[in-house]
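Below you'll find the structure, written out as structure tokens, and then a few comments.
In order of appearance the chains are A, B, C, D and E, and numbering begins at 1 in each one.
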Amino acid sequence: MQIAKVRGTVVSTHKEASLRGAKLLLLQYIDEEGRLLPKYEVAADQVGAGVEEWVLVTRGSAARQVEGNQTRPLDALVVAIIDTVSIDNRVLYSKKDQDRK
Amino acid sequence: MQIAKVRGTVVSTHKEASLRGAKLLLLQYIDEEGRLLPKYEVAADQVGAGVEEWVLVTRGSAARQVEGNQTRPLDALVVAIIDTVSIDNRVLYSKKDQDRK
Amino acid sequence: MQIAKVRGTVVSTHKEASLRGAKLLLLQYIDEEGRLLPKYEVAADQVGAGVEEWVLVTRGSAARQVEGNQTRPLDALVVAIIDTVSIDNRVLYSKKDQDRK
Amino acid sequence: MQIAKVRGTVVSTHKEASLRGAKLLLLQYIDEEGRLLPKYEVAADQVGAGVEEWVLVTRGSAARQVEGNQTRPLDALVVAIIDTVSIDNRVLYSKKDQDRK
Amino acid sequence: MQIAKVRGTVVSTHKEASLRGAKLLLLQYIDEEGRLLPKYEVAADQVGAGVEEWVLVTRGSAARQVEGNQTRPLDALVVAIIDTVSIDNRVLYSKKDQDRK
């Protein structure tokens, strides 16, 4: 999975019928220090993620492994809101600290 | 999924039999500001998208998750015509504004 | 799918048994103006494509969606010989013109 | 598969229900000399890998081919802790040497 | 599929149980002239390939389409030892010539 930050939403009324009801988030990939990378993904949201939150996005057929998505033409899915990212026992990101700001 | 702009069409008479009847669009990927990237995709059209429209393209086995495509050798499919793209509560793209131009 | 030009062939006698009889083409990806990119693919041929022709190549599990390939370990397949590529209502490539040269 | 080094962990309480119990490692890809590349992956751990160890990561639907993961929305999985990497009959990496340091 | 050169091996005793018995080769991708690219893959070997040989590697779910691999968490497999690569009717690589050296 990749780490990404929720940046916004994509809305479409004219779409494949099976996508009705799917909330589509615009994600921007970030590097391990949280710097925004010039790479985007539009993913369905499985966990109610909000703007600015760090999330885990799964891609490919994995996006269809959850109840309700099995036959949707999805190739990317937000599967987790990240609490902490730790590297070498150092906390790199903590949602709690972020929320306080 | 990725955001792309419909640029044109690809026509082939000599092709795999199961692809008959599939409309093939030439898409160009765009960045979050709508700038054209030097990256193309030929995708089957599921939603009747027209030239210049912003669309969502799904790739991989997801392209075969819709009625009629299950056994076609497709790895890319246009699944939505985009109405709006919003980042940080700012509308970045609106089809309505675009159509007025 | 991606647009590529047929450049040559790859021959192997010592290979996975199920690949016997599969013709393997060496493809070179091209950009939208037909310029050769430094990126290659070896793909099975489903349509009898010849050297110099522009073709559509499908990748991933899509390559196994045609009769006879279902259980072959293929991740790339030529599925169409391109007649025309049009961008913004301008014909960018026409096989007919190419064949006259 | 790709060679990567375990750098840390990613923790999430708010996630897709089927991911409960999956340990998520933050991996950093390395080149053949063990130099860290600027490319990360968050992968489920199948083998009890620890920080600093070199591991093999498999991606895509392969990540769901092990007992317990079949219906989890995973696209990356640590499947082996590497003992040795040899190139041209020269040992490039040996876990035993590494552990002594 | 991609063309790669066998460079070495990866050994692991602590791995996913289903991978026991799978020989893991370290491959380095090469360009059409046989120049080594800075890109590696660890792939299971299906054909008994040896160091320095040019091989075809298939990726993704294709790696599991052969007897014995169906439920292994593999995303890359060597499926052929290459005899010749020809571009524009010129032989670019011939295993026979290579073996004489």
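In this text, contacts are C-beta pairs under 8 Å (C-beta built on N, C-alpha and C of every residue); 3 or more make two chains touch, one makes a residue touch a chain.
All of these numbers come straight from a predicted model, not from anything done at the bench.
Steps from chain A to chain E, taking the shortest chain of touch contacts, total 2. Path length between chain C and chain D in the touching-chain graph (shortest route): 2.
In terms of their C-alpha centroids, the spacing between chain D and chain E amounts to 21 Å.
Once the centre of each chain is set as its mean CA position, chain A and chain C turn out to be 34 Å apart.
Residues of chain D found to touch two or more other chains are 60-61, 63. The ring of touching chains, read from chain D in the direction of chain E, comes out as D, E, C, B, A. For chain E in complex with chain C, the residues that touch the partner chain are 1-3, 31-32, 46-48, 56, 58-63, 65-66, 77, 79-89, 92.
Interface of chain C with chain E (complex): residues 7-16, 18-19, 24, 26, 28, 38, 40-43, 51, 60-61, 63-64, 71-76.
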